[in-house]
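Following: one structure in structure tokens, then a few remarks.
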Amino acid sequence: MESFILYLGIVLMGIMVLPLYRAVVGPTTLDRLMGMNAIGSKTVALIVIIGLVFDRVDMFVDIALAYAMLNFIAVLAASRYLHKRGRRDTAS
Amino acid sequence: MHDVVLTILPLLFGSFLAILAGWTRSALVYPLGVVALALSTGFCVKLLLGVLSTGTATYLLGGWSPPWGIVFVIDTFSAGMMLLISGSALLTYLAFRAEIIEGFAEKTAAFVALLLLTVAGHMGIVATGDLFNLYVLIEVAALSGYALLGYGSGRAPLASLNYLCVGSVGASLYLLGVGYLYILTGTLNMADLAQIMLAAPVTASLHGAVAVILFGLWVKMALFPFHGWLPGAYAMSSPVAAALLAPLTTKVMVYVVIRLLIGVIPGAAIPEALPDVAMLLGTAAIFAGSLMAYRQIDQRRMIAYILVAEVGYMVGGMFIGNRTAMTGAMLHIFADALMTLTLFLALGSIARQRGEMVLANMRGLFRTMPFTMAAFVLGAMSMIGVPPLFGFFSKWYLLSGALESGQYLFMVGLLVSSLVNVVLFFRIFETAFFDEPGESVRDIEHWSRVTPLAVAAVLLIVAGLSSGLIVDRLIAGIIPASLI
Amino acid sequence: MYSIYSIQPFLAVAAPLAAVPGILSSRSPNIREAWSFAAALLLLGLVACMVPAVVAGHTYTWVVANVLPGAPIAFRVDAFGMLFALVASSLWVVTTLYSIGYMRSKNEHAQTRFFGYFAVSIFCAVGVAFSANLLTMYLFYELLSFSTYPLVAHHQNEESRKAGRKYLGFIVGTSIGLVLPAMVAVHHFMGTLDFAAGGIPLGAIDPTTMTVLLCLLLFGFAKAALMPVHVWLPAAMVAPTPVSSLLHAVAVVKVGAFCIMRVVTDVFGVETLSALHLNDVVTGAAAVTMLAASLIALSQDGLKRRLAFSTIGQLSYIVLGAGLVTAAGLTGGMLHIAMHAFGKITLFFCAGAIYVATGEKYISRLNGIGYRMPWTMTAFLIGSLSIIGIPPTGGFLSKWYLLNGCIDTGQWLLALTLLASSLLNAAYFLPIVYRAWFCTPDQAQHAGPMREAPLACIVPPLITATITVILFFYPYPFLNLARLAAN
Amino acid sequence: MEDFLTQLTSKYNFWAYIVLMMVGLYAMIAKGNLIKKLIGLSIFQTAIMLFYVAIGSKAGATIPILRDHTLKGVIDFVEYINPLPHVLMLTAIVVSVATLGVALALVLRVYDVHQTLEEDEILEKIKNP
Amino acid sequence: MIETLVIFLCCAGMLLFLGGMIGILRLPDAYTRLHMAGMLDTLGLLILLLGLVLYGFLHAPMSLLVQFKILLLWGFVLVTSPTATHAMVDAGVRAGLTPWVQPDAKRRRK
Amino acid sequence: MKKTALLAVILTGALLILSMENFPSWGDVQSPASLHLSRHFIEKSYEQTLTPNLVTAVLGDYRGFDTMLETVVVFTAALACFLVIRLPRDVCTPGLFYYRHTRTGLVVRKHDACELPGENPTFERVDSDWPPHDVVVVSTCRMVIPFIQLFGLYVVAHGHYSPGGGFQGGVIFAASYVLLAVSHDLRTLVHRLNERVTHLLSAAGVLLFFGVGLFGMAMGLNFLDYGALEGVLGMSLASGHSLGILLVEIGVGMTVTAALVIIFKLLSSRGTVTEGL
Amino acid sequence: MIWEIKLLALILVIVCAIAAINAKDLLSAAVIFGIYSFMMCVQWLAMGAVDVAFTEAAIGAGISTALMLAAIFRTSRRTKD
């Protein structure tokens, strides 16, 4: 069962490559933002899984929580940028 | 007992209080700074006297004994450095009273706090006995320095940003080197590290660690190929920041290297090629600094380039590898700091009256601001290396040490740079002495500006005459006997 | 023969400096000049106080600060230093008087500055005279360079600034570029910079290094104007005449010659030099300079320029004396410092007086001036006789000793050079005298009745001329000191 | 070759940090945009932090928070990862964010003055204002 | 029993993730990709977290506090993830990003 | 330029890799780094400080001075931003005033502030004519922010037992304010935490840290020696240290929160502290 | 033990770093830099450095990105390289 969790983690890590591709390649900023959000949500799960692997999940869950929050904030801030500046930038 | 730490605490405390005061009773901010700096200077004097009578002082921060906790270790040389730093900061602070109070409007509190913090950072760098703590202190000093230098109009922010990039890389490289040492020895305390390294096998990694640390510090101290940030940063910023930081930053970094070289890193751990490279860079710095100083129009920029050359002096001196040259490098830290202080203070007061610091704006200054110019002359003479001013004696030791080891190119560099300095400064003197000031000039020389300047200038003579004493009491005991 | 530890040398050195605040702060010219005079007399008194003990063979010492190991900033008064200090301090009194006359009648600007820096220069000259080691000497030497710079560039116009730059460039360039490393090297090899009669013992430094060091010091003290580094001296002639007299008679060039003498006798040591035959380097340089300078002087039309080249030649006599490394030669060289000083200052005073009275600077325009300014030209005659070395003047004595020195060591070539140079001296000075007294003036300007320069400009050359003559008959203050120093 | 492989496998974290560091350094030197430079600086600093954290790692050890700390017992240092590099890097991260903040403030000021973030354009503007 | 449930939930979560990611890769424009990401990602994470909580009962005995925290995280994701997606779409619209229209549909409408 | 940079970078990298030769291999338990200092910390710190999180123990206590300086660095950064980009107040006052009708979202632009009363329920003062976030985002954030702040406090306080501490908690706390500014607007944030408060808070945080240190000195021990707390509160020595760490973490949290909020406010509004991201 | 995760994370970190410095506009660079921080955080977690990872999550993902966005918001997102 432990190895299942470990494999879970590895697969999760592997899946992360796909949004990373989107985030790196683009083509629009929105895509990158989406990639960031997707990676963030995977990572939250990954952190809990690493915690399980270390057998110290009580220590890791705080981080996962903080991670989710900050990911949210970052995404919101970036989309706020697009709110305010996006049109002008696309126009230019 | 608490003397060691009491030299720094007033500054930190003062900076916090300055912010509190700035948002409640803003009239208190400037006096607060004076009190903090004066207290700090006072404690430095006390510390110096104490160290002179009882020997190296150690202070355990948090009460944890080394190597587990952080310690401050003050020997005679570092006590002298601390006094130098706090004293020169106090003089700058007093001299620029008008600028600090008026020039920053609502931001005075922030400025004063940053000023105190940067001084505290520099003093901490000198005091600390822990490699990582040193890094944090470097960053405290540097970060506040960036802000002080970046506050200004025109190109100041760009210059400061440039400084920030280079400085951060330097500090990071230092940090990396500390990591290398840590992985090899498992400790961060300097004394402990010195012990372990004596016994440790000399390997490529050890050499690499030392090289990276020194490389990082060279970047921080603006040694020749990495000097790009220095002239801009000091020439574009407000005169207060330049006068405060120009005497401190590079010199303190040189101090760190010297401290590492003579107290921590055993000779075997230094890569063989490193001293040669350092000598080469030092000599190149002297030539390049002098050459570029010659081409400058702005006088502050010119002096900044001279500073680049002076860094070359010190780096060369400490890597020549004999006792005399090391003494010279150590003495030159004091000398260079004092000279730079004098020059920048004088230029600061002149800039206040005349605006831009180009040669044409310095006409007739001897007539309108005689005391300022007299001090400027003393500082310049010291840079040139005229006895009995302080600059001569450090140069003497450097020359003597270079001769002992047969570093003739370095000797030539020292002499050439002195000669270039003659040309550079006499250009100013000629204009300031012989040209008419012009009709519209109304220069004012206020005693509150002149007094600190005069103190700095007189100190140049006094320190020069007592340089034998300084070498005997402060420096000679620090250099290990193994260095011949 | 014992050493007296006393603050007296320090006081003597500092005496001129004491006048500076007074000069700078006084508003009226009278007070300013009174300060100058007071300081000059004070200095003369302080120096004279020490004469008896020095003549008796004692020395005064005083350590100001221990700055470098083996090289403190210290003063020591010995016979040679006393000789030079005596010359400088006594001539300062006269020069002050002359300056007052000159500056007032020419109505020069910035007189406060002039007198201030003048005092500082004397301070440096006396400092050089009384220094106990090479470091102290270097210190005052450098300060002298910087403090005479404003005097040289006194007129502030483009020409004088250029001259000032040249002056400073040569003097400071050589002192930092040549003397400083040599000094460092001496300190490195010997561990001390103190002047000691023996100098460097034979074999302490290998001969090649020794040669290099000697050359560095010989040409490093560019104030002595040995041939390749003499360029500054004629250029500096743009300065007001009292400055020229200061430069050429009292302070600057004599300081250079003094330094070379000191270095040869007390740093390298006479025995060492002669054993290594290094004195030939010194005498060679001196001989070349002597002849070349005299030849150049022949073709100069500017009075002051001719005097300047004459000075270059005469300084080489002193250097030659140092290079002869015999007692007679050294005595002659040292004595020549004094004799040339009195002679040359007379000439400069006269040149200045002519300029004040008539505004003439060129020899070709001096026809018949003797009738118009008989006192001046008499003094001029005596001065030139002394420089040439014709008997009833002091110049004869020093040349006599020098010639003796040459013959003692059998250096006939040098003796011949000396004589040839004296002939050349005569060839460039006597025509001026001839013109002044025996040619009829081309224009009407010099005809007319006798119209001398102001009294303050006339008295000093007469005094110095008189002293020049007196020194022939009674040279003992200087001669004794020189002999004492040479032995 | 074998040596190289063992080196690579036993120290790949160290190697990776060097690669990262070089990426950051390259950005700082070669990129003309000021914010790119700052990103490079941040990468550079994180690379060093990665190195430090790698120093602390210990095979078969757990995170440096004591397990069952209420039980009195002998704590074996082998069980826990070395906490000291973590402490140092916490401080370093804080320093790096502070540096970033100040740098961005300066960037804002630079933009106010020169209206561009490209270094070459700024230099151009300084030369011909 | 719980073990099977855990494996099922985790696998389901991973599948959803995978689907979402393939959607992110393959779909033609940002809005459609966001749609996939927003829906499948959120659901995947939620299910996966549930699985992990259950696993905690089973193998690594967690304190209730930890499970509560994971549930808190669950709730947090439930609230914020759609909001974030919404904000992103909003931003895209306001930034003037035009939605993709199927070329065939256009033609057919004609 | 790029080629030179690449060359320099590769050379440096090669040198660094070469000098790694003698490093102990990965994860070596017996390497000097895991033996000398860290062994002492792992084995002794719990009994000396009663703090199971070794990182917190070392950070807060053994290397407390480092941590104080780190806090000072953050404080410095805030001051630096303030000094560098804060514009003078008179420059910040805009010539135009915007008022939004709360029902319709219509924005009215006025040249003079006095014409509308400040406390008008139908109109609210806004910074510019940017459209606000829609109700979904705003209300979600309104809901989430207190939760984040609570979590931040928890992280500060629970640093002894789990990862976290003053710094992380402070950042999370600051992030909640950033979220507030992003989801509403900067005016709301400034309304909650005005400049004066943030500055005072940042100084107060460092002063708290400093005060704990000075307290040690006042009790005759060294600076930052938390053992001094033992005597006053009648605790054991180790719990005195534990309390000291807690106090210190609170100070750090205060400073970090305030400083980051200051930096964000200044950066996002270009020094005017009116309209931001 | 979990070296696979570490290795993957390491590769992703490097990819992100290179992508961040090569991004064609600064907004993207900032966003990718945020991802970089996430990955770094995972890397540190896998190495067992929980406190560092926590800090990096808070700093890199949250504040750093927000600050950078704010700065870009106030300047320009244009970049030539």
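Per-chain numbering from 1; labels A, B, C, D, E, F and G assigned in written order.
Convention: a residue touches a chain if its C-beta (ideal position, glycine included) is under 8 Å from a C-beta of that chain, and two chains touch if they have at least 3 such contacts.
These figures come from a predicted structure and were not determined experimentally.
**Q** Using the touch definition from the top, how many steps at minimum link chain E to chain F?
**A** Counted as steps through touching chains, the separation is 1.
**Q** Take chain B out and leave the rest in place: which chains still touch each other in groups?
**A** Components, chain B removed in thought: A, D, E, F, G | C.
**Q** Please indicate which chain is farthest from chain D, where distance is taken between mean Cα coordinates of the chains.
**A** C
**Q** Which pair wins on C-beta contacts, A-E or B-D?
**A** Between A-E and B-D, the larger count of C-beta pairs in contact belongs to A-E.
**Q** How many angstrom lie between the centres of chain A and chain C, each centre taken as the mean Cα position?
**A** That gives a centre separation of 88 Å.
**Q** Distance from the CA centroid of chain C to that of chain E, rounded to the nearest Å?
**A** Centres of chain C and chain E (C-alpha means) sit 98 Å apart.
**Q** How many angstrom lie between the CA centroids of chain C and chain F, rounded to a whole number?
**A** Averaging C-alpha atoms per chain gives centres 74 Å apart.
**Q** What is the distance in Å between the mean C-alpha positions of chain D and chain F?
**A** A distance of 19 Å separates the two centres.
**Q** List, in ascending order, every residue of chain C touching at least 2 other chains.
**A** Residues of chain C never touch two or more of the other chains.
**Q** When you check chain A against every other chain, which residues touch at least two of them?
**A** Those would be 33, 35, 54-55, 58-60, 62-63, 65-66, 69-73, 76-78, 80-81, 83-84, 89.
**Q** Hey, what residues on chain D touch two or more of the other chains?
**A** Touching at least two other chains: 12-13, 19, 21, 25-26, 30, 38, 54-57, 60-65, 84-88, 90-91, 94-95, 97-99, 101-102, 104-109.
**Q** Under the stated touch criterion, can you name all the chain pairs that qualify?
**A** Chains touch in the following pairs: A-D, A-E, A-F, A-G, B-C, B-D, B-F, D-F, D-G, E-F, F-G.
**Q** Which residues of chain C touch chain B in their complex?
**A** Per the touch definition, chain C meets chain B at residues 64-69, 72-73, 135, 138-139, 142-143, 146, 149-150, 153, 156, 161, 164-165, 168-169, 172-173, 176-177, 180-181, 184-185, 187-188.
**Q** Mind listing the chain D positions that touch chain G in their complex?
**A** 12-13, 16, 19-20, 23-24, 26-27, 30-33, 35-36, 38-40, 42-43, 46, 49-50, 53-54, 56-57, 60-65, 81, 85-87, 89-90, 93-94, 96-97, 100-101, 104, 107-108, 111, 116-118
**Q** Where on chain E is chain F touching in the complex?
**A** Listed in rising order, the residues are 76, 79-80, 83, 86-87, 90, 94.
**Q** Show which residues of chain F lie in contact with chain B when the two form their complex.
**A** 15-16, 18-24, 31-38, 40-41, 61-66, 69-70, 72-73, 75-77, 79-84, 86, 88-89, 196, 199-200, 202-204, 206-207, 210, 214, 216-217, 221-227
**Q** Enumerate the contact residues on chain G facing chain D in the complex.
**A** Listed in rising order, the residues of chain G that touch chain D are 1, 6-7, 10, 13-14, 17-18, 20-21, 26, 29-30, 33, 36-37, 40, 43-44, 47-52, 55-56, 59-60, 63-64, 67-68, 70-72, 74-76, 78-81.
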